[in-house]
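One structure coming up, written as structure tokens, with questions to follow.
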Amino acid sequence: MIDRAFDLLLIGGMLGLAVQVVASRALFRSVVLFIALGLLMAVVWARLAAPDLALAEAAIGAGLTGALLLAAYRALQPAGEAGDAEPAALPRRWALVAAVLSGALVAAIGWAVLGLEPPAASAGREALARLGESGVKSPITAVLLSFRAVDTLAEVVVLFAAFLGARVVAEPLGRAGPGPRPDPAGGEPVLMPLLLRVTVPMGVLVAGYLLWSGGHQPGGAFQAGAVLAALGVLLRLTGRLQPVAETSPAERLALVGGIVLFSAIGLAGAGMASAVLAYPEGWAYTLILLIETGLTLAIALPLTLLFSGSAGLRWRGR
Amino acid sequence: MYAVETLDLAIALFLLLNLLAGLGRVHHGPGAADRMLAAMLFGTTTVAVLLLLAEATALPALRDVALLVVLLAAVLVVAFTRTPRREEER
Amino acid sequence: MMAAAYGLLPLAALLTAVATAAIVFALGDARRRQRTFWNLFGAGTKLALVLLMAHGVLQGHTLEVAWPALPGATLRLVADPLALLFAVLSSLLWLITTVYAIAYLEGSGQRARFFGFFSLCVAATFGVALAGNPFTFFCFYELLTLATYPLVVHRGHSAALAAGRTYLGYTLGGGAALLAGTAALYVAVGEQPFTPGGMPAVAEWADRAPVAATAVLALLLGGVAVKAALFPLQGWLPAAMVAPAPVSALLHAVAVVKAGAFGVVRIIEDTYGYALAAELHVTPVLSALAAVTIVYGSVRALAQAELKRRLAFSTVSQVSFITLGVAAGSQLALIGGLAHLVHQGLMKITLFFCAGNYAETLGEHRIDALNGAGRRMPVTSAAFTVAALGMMGAPPLAGFISKWYLGIGALAQGQGWVIGVLVASTLLNAAYFLPILRRLWLLPATRDWPARAGRAEAHRGLLDPVLLTATAVLLAGLLAATPLSPLGWAARIVEQGYPGL
Amino acid sequence: MTQAGLYTLAASALAGIGVYGLIVRRHLLRRILALNLLGNAVFLLLVALARRHPGYVDPVPHAMVLTGIVVAVSATALALVLARRYYAETGLRHLPEDEG
Amino acid sequence: MAAGGALSLPLAFLLPLLTALVVFLLGARRAPWLPGIGALATVAAVADAVRHVAAHGPQAYHLGGWMPPLGVELYADGLAALMLAMTAAVGLAVTAYAGPYLHDGHHHQEAERFWPLWLVQWAALNGTFLAADLFNLYIMLELVTLTAVPLVAITGDRASLGAAMRYLLLALLASLAYLLGVALLYGGTGTLHLRQVGELVGAGGPAAVAAALITAGLLLKGAIFPLHTWLVPAHSNAPAPASAVLSALVVQAGVYLVLRLWLWTFPALLSPAVGWLLGGLGAASVLYGSLQALRQSRLKPVIAYSTVAQLGYPLLLLPLAAVPAAAAQAWQGAAYYIVAHGLAKAGAFLAAGNIRYSLGHDRLAGLRGIAPELSVSVLALGLAFVSLMGLPPTAGFLAKWQLLSGALGGGQWPWAAVIVLGGLLAAGYGLRVLAMALAAAPSDEPVRRPPQRLPRRMVAVPLLLALAVYLLGVSAVPALRLLEQGAPEALG
Amino acid sequence: MTVAEWLSVGALALGAAFFFTGTVGLLRFPGTFARLHALTKADNLGLGCVALGLALQADSAWVAAKLALVWGVALVAATVSAHLIARYTLRERGGTGRAPP
């Protein structure tokens, strides 16, 4: 009863937020509502017994995407510009067409999902049954790094490609990223160092913990990487990390080292184990942990750099 | 223990209601800060909901999620206050 | 061993022309002497290879190369007597035209491009001649279109470009029809080699589906009729006159219109077979169209004031004799038509060379400006006279021979009206050629042509080819009775291949 | 209706909202937001479907969504960078064909 | 737990990827030879894969040793092998061309950025052709998109940025539509493996919705009318090597997947009505793209619209696949079309790149009296266009012949008419370009800007690509024999 | 139910009440600063009570410690966030740009 009420309320809130994101006349409101929606999605994942996703959503959906959207919003809404300079909305009849189209889509998908019988067998069931062969105890980590390791490899490459792409299209260093710090004369808020002193070590610890726990419970390289990236964003925002125009060798290594390591171990599988991306008997857990460590960096750094809008970052303490 | 879990869920439900009510502030503003404030409420309440759900649905990992949310909530606020201000953010 | 070597001859001859094109392209514009050498070397080698092939065929060898392009569609080159008739003609005239073109284009730009495509054009013509099945025929037929286009627009001014557009509009449209027809034919009967007397499978199919078979035949003929300049698809030919004289010679005498006429022969005689084509009521239509074209072309020629345009309409008229010979349906008429394939080529190339000489040496393009040119350029004018008389059908020249065979062949089939067409054509030919001859020889010069470089005649490179071809016109008529004359060879083709007609 | 069924329907509704927003709204940032809504809908559908099985939760869709989230944030980040540069060069916040 | 299949399958994905990573690590300036080495290694892997398929039939490689549905399978049948080979040829050419193009002193930064992007894209393309897993395909498609968009924008001018933005938004929408369909399929079948899904999915409503979503996404990625709007600005504003891979490979991957999925995963749904719908879209692409190409005043948009047109032909297979008398030939024609178009289009774009590089513009009217220095590039352009027109002796012709024969054999004359008409229209726009290049310079033209000297390799590469089209035009038999490996029974 | 459970229920109920207060404050109070005050204080107290309530239900000290950690971090984050937003609002209204004392 309460379960049902909770679900209905959650769904209602989620859809209401989504409608507001689209319908809200002020763009800033849309952005904030979208960030709130991210938090709500974390609760949705929690309700659907997907704590891994809730972790990822909390780190990426709420933290990183929010920061990215805010920075982009500011960049597209220049100072001194009065009013809402959005292009006029579609004429009413087109909006109606769009509504009909979207309605049809909703009806089609809804109809399809209601007619969908759960299959007797599924890849997931087999994954659970053969979890023991993977070398890790968490089924999701087993799927990500053993059964379907190539997806994970390709996906980290996607992130790398997005970084490469951003290098091509980014604005010049001075204008890219979140922008200059607002008011040097005013100095930094007195409490900022406190925040950093608590958040950064805690964040690193949490990242390490998530990385380590990926083997047996929710967590893993994604979540750990996302946490580190969020810390990077924080340090970039507070000026501890400064954007620079060149990627340092160490950064290059961090960006691709994990992928190279993953590929190399994967290739070695052809000789040392049964196939490419297979792990030698008894080595699976160790190698997976090793790969995940590399991937954590390969996820954290490009995300930070994408936010920063720069090719590299340099430490400039305080 | 059944009763306690139900209670946890009930409280989570109540908090969810609270949270959605707070969205009114995002809507009405009037200032950008008010909107962010509402988002903060969202953050804290979400943490509480997650903690309750962790207990109610026996998913201890949700506590890690809650920890992440509190840890990263500040990032958003910093992102909001530390980027150049614009005139119009209604 | 020997047989195998013979078997590779068609490929070797084809590749000779392609390689010549490649070398000429690669040499670029600057290296004139090397280009001239390779041009002549390529043309000479090809002619030698083709003559060797003719020898092989006479010896009874099978000269055939085939390789599969697609499952169910083979690229096949076969040297049968009919193929060789066209191949020898084109190779010989290529050599001569090359000599002429080298002299003619002296000093003009883009010669590497010109001679490259020129060679490619001849390679395509050779492929059309030796194509052993409709698929191969189509491939080379389209290649010919493409290779000639840059020659038509060679001068590059807007008139040339407009002519090129017209040319392509017609020929690619025809190509599309031919493609559709050929593909439909393959779908219906699968791949069949060209078979003298018609493909048996086509006959069976026509029994089952006469309407479809007629439609496909119409598509095929429609496709080749464009190049053969059959009325009402002749519009491109006069337009293409903007091209340089050697190109006109090539288009009219050697390659393009001949490929069309040759296509008519292959389709009527070797694909459907005359009997089937007649049964499907296609041949009467074809002969009627040919007759109309003959008269139409001649009438239009009468009205042209420019020499090359008059010659162009003359071609429209003359080429249709070949079609007429095929459509008439008797052995004799077919012999006449095939012989005319060669004869018309020799005559028309001579005429175009001469026209080129007048243009080049005197700077005259219009007929009324040629008064007295015969005395100024006696050799050229003599050659022109021989060829023009041949065109009219004056005995004992080449044109007379083919028209004679056409006439008696048609009579044998009881198609007396063909005689009427022949007579009308001859009269019209006389009407548009004799005034020219009169101006050349009888009227006094009205213009004061400056002697270029002290020469009165066209220079050697332009003159020798004309002499050669004019002599050939003479010989083809005088020696018609010998077995290796065009007529003798045509007779051999018909007797061996189409005994049933 | 089961919990999973409820969420699958929610997912289809969310997809509709996203697509509507994508068509109707022209500001680049809004389009990117709409795409993210659509992405969330797809993820929600996957996860809800994973929950239908009696006795177990299918981990494969979870892994897919985890991957999908990273892909989505990569694409979003690139799109935002591109939108900013586009704006810097053209002064436009929407695609030219969406004018008026 | 055995991998089965040839090791070259995963290598075809991993080798270009690793090269990209190492190039990024070392910097393209420090290791200018590295992309070439990587390209050659990739070509070798692809050659080995093709050899395996030709000799031993379709190859299935089970990554990690996990059989589907648990693991991801790489699967190379004849069609995939053909795509890999075409990609390898184009890839090698583009790699060879981009060297001098980018390292001429003007494009240093572009070079640093181009190489890793392009090599990752190559890996992703190979992955797209090989993946037999619907979700893995999603990631590969995203990878292709996220590398293609920056390649569009690499010059950084306004037009290309707008084009890239539009492309990115639409491509992301397409990916999500695809993923939505995949979610439904997995929900219904419990597997992501292409053929397993095909066996389990049936023809019910959910399957139809899934197929519709997936197809809509792929048609958008494949720029099929009326979802083609993004292509022309994107492809005509990119630098030459990028245009070449975008037109020859990236969009073709979308069309390839449409065929792959309809023939392997949704054959049960391929009713005549659906076939006619998809074929109709293909036909509309052919006609619309060609007509638009006729109206352009710049060279690169002509070539880009020609891409829209050419992408339509393979879709004509779908209505023909259900007609037994048409299926086999149409299948061969459609597959060969993709190969022929890929090579010819890459050649055309690279040749156009030379013209632009040298003259500084690509206006058709400005091509009159083009300098003799460019004659080889013009020749390459012309040769490539002949294949796009479908005239002999080119691969484009053989493909057209097979497709046309299939249509006629099945009595499907409307499709045959589209094919013939499309060829004529292609001739129209092709020769419009070539006429300009053959034309003499207008006499009143002021002194022409001396063309910039072209590096020799840039001259040679487009010509070689164009010649390859002719080599494949002499005989399609080896390629079509390869294609038979693992062809669906209905098309065998 | 045990004493601990009763206590837990009480703490949770109190937490819910705090949250409710915070929300009402956010919605009803006039002025940004007033809302800021109400919200940060009430919410974090609410979170504290909820954490306490849950800690009382927890099976292990590890869980309780984690709950405490969550609350602790939340306090720091909330403090700093409130501070930042206050500064921001001040400056937005043309203030000195200096943090309020």
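The first chain written gets the first letter, and so on, giving A, B, C, D, E and F; residue counts start at 1 in each chain.
As a convention for this text, a residue touches a chain if its C-beta (ideal position, glycine included) is under 8 Å from a C-beta of that chain, and two chains touch if they have at least 3 such contacts.
As the structure is a computational prediction, the values presented were derived from the model and not from experiment.
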_Touching chain C and also chain F, the following chains_ = none
*asked:* Please identify the chain lying most centrally, where each chain is represented by the average of its Cα atoms.
replied: E
*Report, in whole Å, the distance between the mean C-alpha point of chain A and the mean C-alpha point of chain C.*
73
*Quick one: chain B and chain F, Cα centre-to-centre, how many Å?*
11
*Between chain B and chain D, what's the gap in Å when you average each chain's C-alpha atoms?*
21
_Residues of chain A whose C-beta touches two or more other chains_ = 3, 47, 49, 52, 71, 109, 113, 116, 118, 122-125, 127, 148, 151, 155, 158, 161-162, 165-166, 169, 192, 195, 199, 202
_Quick check: what residues of chain F touch more than one other chain, meaning two or more?_
73, 76-77, 80, 84, 87, 91
*Looking at the whole structure, which two-chain pairs count as touching?*
A-B, A-D, A-E, A-F, B-F, C-E, D-E
*Write out the stretch or stretches of chain A touching chain D in their complex.*
3-4, 7-8, 11, 14-15, 18-19, 21-22, 27, 30-31, 34, 37, 41, 44-45, 47-50, 52-53, 56-57, 60-61, 64-65, 68-69, 71-73, 75-76, 85-90, 94-95, 98-99, 101-103, 105-106, 109-110, 113-114, 116, 118, 122-125, 127-128, 139-140, 142-144, 148, 151-152, 155-156, 158-159, 161-162, 165-166, 169-171, 175-176, 222, 299, 302-303, 306-307, 309
*Can you list the chain A residues touching chain E in their complex?*
108-109, 111-113, 115-127, 130, 133, 146-151, 154-155, 157-158, 160-162, 164-169, 252-253, 255-256, 259-260, 263, 266-267, 269-270, 273-278
*asked:* Help me check something: in the complex, which residues belonging to chain F touch chain A?
replied: 73, 76-77, 79-80, 83-84, 87, 91, 96-99
*Note which residues of chain D are touching chain E in the complex, please.*
15, 22, 28, 31-32, 35, 38-39, 41-42, 45-46, 49, 52, 58, 60-61, 64, 67-68, 71, 74-75, 78-79, 82-83, 85-86, 89-90, 92, 95-97
*Sites on chain F touched by chain B in the complex*: 1, 5, 8-9, 12-13, 15-16, 19-20, 22-23, 26-27, 32, 35-36, 39-40, 43-44, 46-47, 50-51, 54, 57-58, 63, 66-67, 69-70, 73-74, 76-78, 80-81, 84-85, 87-89, 91-92
